[in-house]
Amino acid sequence: MPPTQMPLTSNETASNGSASNATSSGASAIEFDRVSFSLNGHPLLENLSLAVNHGETLVLLGRSGSGKTTTLKLVNGLLMPVEGEVRISGRSTANWDPIRLRRSIGYVIQDGGLFPHFTVERNIGLVPRIEGWDRPRIDARVRALLALVGLNSELASRYPSELSGGQRQRVGVARALAADPPILILDEAFSALDPITRSEMQKEFRALQQRMRKAVVFVTHDLREALLLADRIVLMESGRKVVNLPAEEFSRSEHPLVRAYREAFSAPIEMPTEKRESQ
Amino acid sequence: MNFLHFMSANRQQVIELTLEHIQLAGIATLIAAFVGIPLGILITRIPSLSKLIIGGANVIQTIPSLALFGFLIPAPWIGERASRLAILALALYCLLPLIRNTYAGIRGVDPAVVEAGRAMGLTDRQLLFQVELPLASGVIVAGIRLAVVLSIGLATIAAAIGAGGLGEFIFRGLAMVSNQVILAGAIPAALLALAADFLLGLLERRLNSFWLKA
Amino acid sequence: MREAHQLRRRAISACFFVLELALFLPVTGCTTQSEHIVIGSKNFTEQLILGELFAQIIEARAHLPVERRFYLAGTFICHQAILSGRIDIYPEYTGTALTAVLKQPPSANKEEVYRQVEQSYEKQFNLTLGSPLGFDDTFAIVIRGDDARSLHLQTLSQAAAYTPQWRAGFGYEFMERPDGFKGLASSYGFHFAEPPRVMDLGLLTRALVQRQVDLIAGNNTDGLIPALDLFVLQDDHHYFPPYEAVAVMREEMLKAHPEVKSALDLLAGQISDDDMRRMNYAVDRQHRDASAVVREFLSERKLLQSN
């Protein structure tokens, strides 16, 4: 896949990836510095600090309402912090042109958020097109991305309504990768898929990330997904960061909330009492 | 049927008045669209204005049509030519469906799609023209359809103030107590409205089914 | 499939473009003068007769085909129609043109009113005024014929002396208009014992004949005046403005067909108050066909053949 000219080039060389959350080089891809956010007086995020390096996958884990999506929106400038600073490539989001910022961040949401009136290839090629790439280059890129996400090239001229959920999600990922952004943020990207497709997507995404080494922030409420995909896991609760640990340490942590999570995910599948008695 | 005979005997007049009618209704709808659709877009961007603008258009539409014609007669320049007056009044009347449908259509676009677009770095203008307007087009065309049918109907009243159109046959026929003449105006007017409604309905359906999400 | 979609979208916008173009093409007689002359008229009998007079004389003497668009609903409609070129000629009254169209205050002098209307119409509207046809459709104050004879009454001033003994009957409009009853009464010093009875115009004449009222206001050219032996009192103070009947014509049409004016000029001064009353009576009361009545009149006056 040909590397492309972008305001930020993605770091193709394998970085140390996982363990270090150090900002020793002074240029993490994403940095939250004591960030708080509230809406209409309701605090949604309190004093959040974290960093994501190039090549690192950070998973934001937590219940609904814990502030995960708010955090994502602060990364690409859809929201601005009330206190503190969010820095992308060392520059505060307040100093970025929001359009340029967003075009250098790939964004994948549940069910893809694809434009229903665009074909698959038009959806994928959207950012390159508005960035002014010429047609042949866009077409080549679209074909390469379809292959990358494991889709048959004949789907290029189909519309999202004609695709399955899994196919749509792959297109969503391809679209996010189209202009080769250095940062990828995903919001419950696989949560709406059936378990088998979901498992496939997780494995494929992991393989992809190992090749591309982008800075990834992945939001989910599924512990297993987190453990599979993450280099680091940040557990959030009520707008606060509870723990920030490398994945293996997380699975061993005795923190009460982490334990509660583990138990919720490991409990055997049980029939509710009323049904059992009626049998 | 007697009136068919009358119509073929007065072929030229019928054609002339029909074209005049189309002109009145058509120009009025175009003006209303050029003003109303942008206004509808505006209030999706500045929601605080929506009450004022939709409310204003609502008030205008509530005024009985003949009364609206009457208000405008003393106006300088406008009131001097009945056709100008009629076109202005008809255009004012058609504002509400166009503003309201544009507003509702754009707001009805799946917010996830809009947010995805914004998050991808589409400028507001790109978002509007490439995402929101195409996806809202079905509803907007429904508004245009309503406006066209409305103005074809109201244009018959325009003859009461001298603007011509098929209403002239109707009013003359009433004064002459001649059914032939009345029908020579009423039937083409009705057919015009039906045809416009049908054609635009086709377009609307096509646009809707096209953008229909899974 | 993208191609099909784009093709469809282009086809649709092409249709709209064509439609818009069609809308802006000028439609009616605003552009080229067609070969036939369109004559309009308002929607009461006298107007129909006048319209028919114009039509027949143009057909006979200018040898042009005529299209009749009668029963237009009033002065405003006719004025708009001739401005937009939808009609070429229609019959109007100088007083109406002055007050209703030009919105000027009424004036008593016949020649002055005519001149003012003629000049203003030409300057403001490019409309030409024909010569007066010869009658005045103004308000008429009417009394019974035998009263007029027994009391030797000719004028309104003379009649004023008898008003304390009379009852008056007027239509709603005459009572309301500022230049109606109030002005009339003060101008001539009328002192009716009781306030005038107000009733529908159509019933006034009958009430007069049946002696329920003694004095009414009607139209000068009402056909019933000669038929029922009624008398029109002369307006010696010239209280009522003149309403001389004239043809209003589009200049542009006349440029293309000057023979139309020559044809219409043949009617100048040809129709007296009595002539008009008789024709009104024939159509209104005897229910005769207007075109037949007009044809009869024109042949009597030998206006249909060129000499």
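By written order: A, B and C. Residues from 1 in each chain.
Everything that follows uses one rule, which is that a residue touches a chain if its C-beta (ideal position, glycine included) is under 8 Å from a C-beta of that chain, and two chains touch if they have at least 3 such contacts.
As the structure is a prediction and not an experimental result, all values here were calculated from the model.
A.B. asks: Please find which chain has its CA centre nearest to the centre of all protein CA atoms in view.
C.D. replies: So the chain sitting closest to the middle is B.
A.B. asks: If I average the CA coordinates per chain, which chain comes out farthest from chain A?
C.D. replies: C
A.B. asks: Quick check: how many Å separate the C-alpha centres of chain B and chain C?
C.D. replies: Here the centre of chain C sits 37 Å away from the centre of chain B.
A.B. asks: Need the CA-centroid distance for the pair chain A / chain B, whole Å please.
C.D. replies: About 47 Å separates the centre of chain A from that of chain B.
A.B. asks: On a C-alpha centroid basis, what's the spacing between chain A and chain C, in Å?
C.D. replies: Computed from C-alpha means, the inter-chain centre distance equals 84 Å.
A.B. asks: Any chance you could list the residues of chain B touching two or more other chains?
C.D. replies: Those would be 210.
A.B. asks: Give every residue of chain C touching chain B within the complex, in rising order.
C.D. replies: Interface residues on chain C, with respect to chain B: 5, 8, 12, 19-20, 22-24, 27-28, 43, 67, 69-73, 76-81, 83-84, 86.
A.B. asks: Please give the residue numbers of chain B that touch chain A in the complex, ascending.
C.D. replies: Per the touch definition, chain B meets chain A at residues 110, 112-113, 115-123, 126, 131, 134-135, 210-214.
A.B. asks: What residues of chain B sit close enough to touch chain C in their complex?
C.D. replies: My answer: residues 12-13, 16, 19-20, 22-23, 26-27, 30, 81-83, 159-164, 168, 171-173, 175-176, 203, 206, 210.
A.B. asks: Report the residues of chain A in contact with chain B in the complex, numbered from low to high.
C.D. replies: Those residues of chain A that touch chain B are 76, 78, 98-105, 107, 109, 111, 113-117, 126-127, 130, 160-162, 175.
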